[in-house]
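What follows is chain A paired twice: with chain B in the first complex and chain C in the second.
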Partner chain A sequence: MNEPADLVVVGAGPAGLAATATALSGGLRVVLVDSGTTVGGQYWRHPPEHARAAIATGDLHHGLRTYRALCRALAAHRAAGRLDLLLGHHAWSAVREGDGFAVHAVDRRDAPRETTVVLRAPRLLVATGAYDRQLPFPGWDLPGVLTAGGLQALLKGGGVAAGSRVALGGTGPFLLPVAAGLAARGVEVVAVCEAAHPRAWLRHPVPLLRNPGKWAEGAGYAATLARHRVPVRPRTAIVAAEGGARVSAVRIASLAPDGSPRPGTERRVEVDAVGVGWGFTPQLDLLVPLGCALTESADGNAVAAVDADQRTTVPGLYTAGETCGVGGAALAVNEGRLAARSVLADSGTDPAPANRPPTALRSAVARQRAFARAMALAHPVPPAWPEWLTDGTVVCRCEEVTAGAVRAARADGAHDHRQVKQLTRAGMGWCQGRMCGPAVHCLTARGRAYEPAERLVATPVTLGALADLDEGPQTPQTPQSPRAAQSPRAAQAQQAPTDNGHTDKECS
Partner chain B sequence: MSEITVDGEPLPFVEGQTVAAALVAAGRVAWRSTRVGHRPRGVFCGIGVCFDCLLTIDGTGGQRACLVPARPGMTVTTREDDDE
Partner chain C sequence: MTLKVVVVGAGVVGAACAYHAASAGLDVTVVDRGPVGAGTTSRGEGNVLLSDKEPGPELALAHLSRTLWDEAGRELGPDSLELEPKGGLVVASTAESLTALGEFAARQEAAGVRVEPVESVRDLEPHLAPGIPGGIHYPQDAQVQPVLAAAALLRAAVRHGARFRTGEVSGAVTARDGGRITGVRTAAGDVLPADAVVNAAGTWGGEVGRRLGAPVEVLPRRGFVLVTEPLPPMVRHKVYSADYVANVASSDAGLETSCVVEGTRGGTILIGASRERVGFDTTMNTAVVARLAAQACRLFPFLRGVHLMRAYRGFRPYCPDHLPVVGPDPRVPGVVHACGHEGAGIGLAPATGALVTAHLLGRPWRGADPAAHTGLLPDRFLAPEVRPSE
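== the complex of A and B ==
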């Protein structure tokens, strides 16, 4: 694509794909950037194109008809030179530049080599999705304990099951497709421990009745799980994992309604892998530094505030999918379409008549958001989960900060995850609080929405890549030798000031 | 099947798998130890967020095994202090 782009889309999951297809069909020139080796994001994660014959994953997916239609639309526009698809590119920063935006990315297609790229356009659409929300428990840092999404990613992306006898735990409907996928690959799923009780759904009958597609999907998983005799145990939780070099067993307890383990119900089950997830945390790293206003979502997360047509509070900046509230792929697709229509309207381009009228899209989005809200309320993080922790339980995996240390910080007056970070280093390591942030927040500031720390660098970049920028960024830049680049650790240490005004460098 | 070299030993992988997927397929779920407690760590989030799966690829440290596609001839080293 030689002409300047009208729109940069970050993230090629359901929301980003749909937004890109709609924007292209309206005549815009689009740059779509994603860190993966192929489009689809986490929901439609696939092996790279050339590997699909060797790694069959088609049966693990839902909604593939939509996925294939979006892929076909993108391929046609790409062939016509209207779409620049940049896979294997990690966006690490987005900034205002003149009347538009500059997205800084590193091309890691030839990893560990890195090449810097700057993508510019008058409008930016961020569709960076979400990752599993984690709650620590004794033994959760043992090898073989993964996030539920991690188990799914290995299965969908690489055709690999991480164990042969697996227990799943946490809350939310996402545990079901993970269990069904593992069972379909011959893994013995010994239990799906769901902290919530299905009765909780009955408090929200209207959104349930108005989203029959979700029922059908759920029924499909239930049938698969029944066929493989996978027990789904409501109101239970994996409260501990045991093992040495690898997890060898989990302790499962029945839960009281507040989530505290019922005394005397604990039992030990032998496993060689575990998957845990407590809903999702939206990936807001590119949005927060741009000054985008946040709002509270029913699942306890702060999410990007958007108007009825997916505009953020920053002119020219749009977002769709889990970044404005976790709600699943079908909602993300509709939000992506809606966001792209706003881009078209704001660019003075009439949307192509083939697209659905926005009133229908808006009502679909409203219906699906009501379902997402019901889902969040039916699958809360149980208030008493900290009872599972011992003082020695690691909370921050990177810096190995224990629950005892976090509690001591709270006793010393720390009342949010930022202050705990200053006192204990929790959230200061490689992952920058992405894994422990929600948990530390729960331990200190329960009752408020979890707002992640502002991270000015969304993924570690080498000093070499940053040095290239000083010489005046080009699109793209000349590849550099990996030997010339300094270690990513050194570069990460250079991450710019955090919310508390200190750099992480001084604490590394 | 193609091969990468992990700590001097050949490791087969299916074209399209990440380094983490190749290691997990061979039964390895840990390949690093932590700085303070020297605890074993490997793949956790599987999507590039948690940085537990760090290792050294072709001489460059701090690489996330779950993100880097395995390529024939790639040299991987583990057990060094990859989070330094």
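== the complex of A and C ==
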């Protein structure tokens, strides 16, 4: 692609793929950047191309027809030179530049070598998704205790089951596909501990009735779990994990309505792996420093505030998918399409008539959002969760800060996770509070939405790569290295569409 | 009767003012709209430096402050401040800058600063780049963890009887005759009785001064600081290039960077700091971050393979002449300024607190003699044509 791009899309998951396809079909030139080595994001994660034939993952996926159609559309536009697909690129900052945006990324396809690239366009669409929300409990830092999403990623990305006897815990429907996927591969799933009670759903009958597809999906998992005799235990939780070198057992307790363990109900179950998830936290790192306004979502997260057509409060900046509220892939695809239509409208380009009219998209989004809201309200973080923690329970794993230290900071007047960080170092380590932030928030400021700390650097990047950015202006006139010597678009244009293996074949 | 003092601002300077004033037996209330150390204090590197100051009023204050940090460490426990007397190493990249640095250091030495010329800088810092012609070791330079230090000072003030209130000061209450301060008004509508008000509002000191009827010009200067992944100890001193000395006193509007590199107890390496005059613009500047990274890598080549984990920025409060303003404002009796410390507020905080207390007491306190620090008084800005705004 030699012409300047009209749009940069960050994130090639369901929302980003759908947005890119719609924008391309409307005639825009697009740069799509993702840190993964294939497109699909977490939801449509697949094994590497060379291993796909050997690893069956079809049963783990939904909406593959949509996925393949999106991949085909992207491949056609890429071959026509209208799409730059930059995989293995990690965006570390997005800034305003003139009338548009500059996305700074590092190319890690040749890791550990890092090469900085700058992607510029008048409009930016951020579709960076979400990651598992974790609540610490005694033993959660033992090897073998994973996030539910981590277990799922191992299955989808490599057909790997993390253990042979697995307990799952937390809250939300996401636990079910993880359990079903493991059970179908011969893993003994000893329990799915769901903190909420299914009755909570009955308070929101309308969204349920209007989203029958979700019920069908749920029934499918229930059938799989029944076939493998996997017990799903409502209103229970994994309140502790035990083990030496790695986890060897969990303690499971029944919960009172407030989430406190019922005395006398605790029992010990031997396992060799654990998966825990308490919903998801949106990945807002690129959006917050741009000054995008946030709003509260029903699951307790602050999310990007968008208008009915996915525009953020920053002109030229759009977002779709979990960044504006966790709601699943089908919603993300519709939001992506809607966001791209806004980009087309704001660019003065008429969307291609083949696309769904925006009114239909808008009403689908509204219906799916209502379902997401009902789901969030039915699966809250248990209010009494902090009771599970001893003062010695590690909350921030990077800096080894305990619940006792967080409580002491709160007693010292720290009333949110930022102040706790300053006083205890919780959230100052490698993950920069991405893991412990929601938990520290729940320990100090429950009742308010969780707003992540502003992270000006969205992913760690070597100082050497940054130094090259300073010393080597990336223009053809002053070459620094073969790749950095050209603009990323020019570099990409010189590659044959198949030279890095990231082609439409990967969608098959 | 005990003098009632309201300290506006719970940053490190306000906390130090409260600590010294309460230690002296004054009745102290600290007011801040946020928690302790949440503003500029939390965005600093914790520099306690003599090395970057040329002889003059600021160096005199820094000298006293260095002694008072040691005293605070003894009283509050050095760990509560993460006080580390690690020393500074200023390196020159060229023979000419080494000559200039040597002359600068000689003047500092004449003013009482301990300076030790170093020929082989890699004896002190083995990971420095080869080919650096030399430098100066400043053994008195030290580091504190700013938020912990502010919190520890404020806790100690509270132990001496001070109170901490959350609130925003909206104005002064003054007596009808003479206009002397009798209290401050908060945005919530409360009136806190006061015989004196200390303006320790840091970057917002200009606005607080205006609300108290005693405006001073305090402007923000944006600075970015980079934080690396945690490493085993690789950098032992505060290490910076001699260019930094020129930048601190600069009034250039544009970007200036000359990095200071140092290790922390947490294992991370801090790289700071840029200086830009862009008002309160909070936007990320990737060019500044890249420039700091490049300078740090030139000093310590091993940093090229080290990951930047975080960057943060803050607004350093500066007065037009780049000196802090510390002392009573003659326009509104009872108002005492303690702001405008630019990038040196952490280091200068204890001496500022002692000097403010001395002004309040009308006699020297803990080595701070108002007669010795007249160069910091607000009077220097009050030329006849400058009138307090209404």
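In this section, the second predicted complex is superposed on the first by the 472 of 508 C-alpha atoms of A that agree within 3 Å, B and C clash if a C-alpha of one lies under 4 Å from a C-alpha of the other, contacts with A are read in each partner's own complex, and residues count from 1 in each chain.
Basically, a contact is a pair of C-beta atoms (placed from the backbone, for glycine too) under 8 Å apart; a residue touches a chain by one contact, two chains touch by 3 or more.
All values derive from a computational prediction rather than experimental measurement.
Undergrad: Of the two partners chain B and chain C, which one touches more residues belonging to chain A?
TA: B
Undergrad: Thinking of the overlay built on chain A, is A:D132 touched by chain B (first), by chain C (second), by both, or by neither?
TA: first
Undergrad: Report for A:L423: first if it touches chain B alone, second if chain C alone, otherwise both or neither.
TA: It touches chain C, and chain B stays clear.
Undergrad: Taking the superposition as given, does A:T37 touch the first partner, chain B, the second, chain C, both, or neither?
TA: It touches chain B, and chain C stays clear.
Undergrad: In the superposed arrangement, which partner chain does A:G157 touch: chain B (first), chain C (second), both, or neither?
TA: A:G157 sits against chain B, while chain C stays out of touch.
Undergrad: Considering only touches as defined above, state whether A:A51 meets chain B (first), chain C (second), both or neither.
TA: first
Undergrad: Name the contact category of A:P460: first (chain B only), second (chain C only), both, or neither.
TA: After superposing on A, A:P460 lies in contact with both chain B and chain C.
Undergrad: Name the contact category of A:R407: first (chain B only), second (chain C only), both, or neither.
TA: Touch partners of A:R407: none, neither chain B nor chain C.
Undergrad: Considering only touches as defined above, state whether A:S93 meets chain B (first), chain C (second), both or neither.
TA: Second partner only, chain C.
Undergrad: Jot down the residues of chain A that show up as touching in both complexes, chain B in one and chain C in the other.
TA: Shared contact residues on chain A (touching chain B in one complex, chain C in the other): 399, 429-430, 460.
Undergrad: What residues on chain A touch chain C, complex-wise?
TA: Those in contact with chain C are residues 93, 95-96, 102, 104, 289, 291, 399, 412-415, 418-419, 422-423, 425, 428-430, 432, 455-457, 460-464, 466-467, 469-471.
Undergrad: Please give the residue numbers of chain C that touch chain A in the complex, ascending.
TA: Contact set of chain C toward chain A: 35-38, 42, 147-148, 151, 155, 164, 226, 228-230, 266, 268, 271, 282-287, 289-291, 293-294, 296-297, 303-313.
Undergrad: Can you check the complex and tell me which residues of chain A touch chain B?
TA: Of all residues in chain A, those touching chain B are 35, 37, 42, 47-48, 50-52, 54-55, 108, 111-112, 131-132, 141-147, 149-154, 157-160, 162, 245-246, 273, 394, 397-400, 429-431, 434-435, 459-460, 482-483, 485, 487-489, 492.
Undergrad: Inside the complex, what are the residues of chain B that reach chain A?
TA: Touch list, chain B to chain A: 14-18, 20-22, 24-25, 29-30, 34-37, 39-52, 54, 57-63, 66-69, 83-84.
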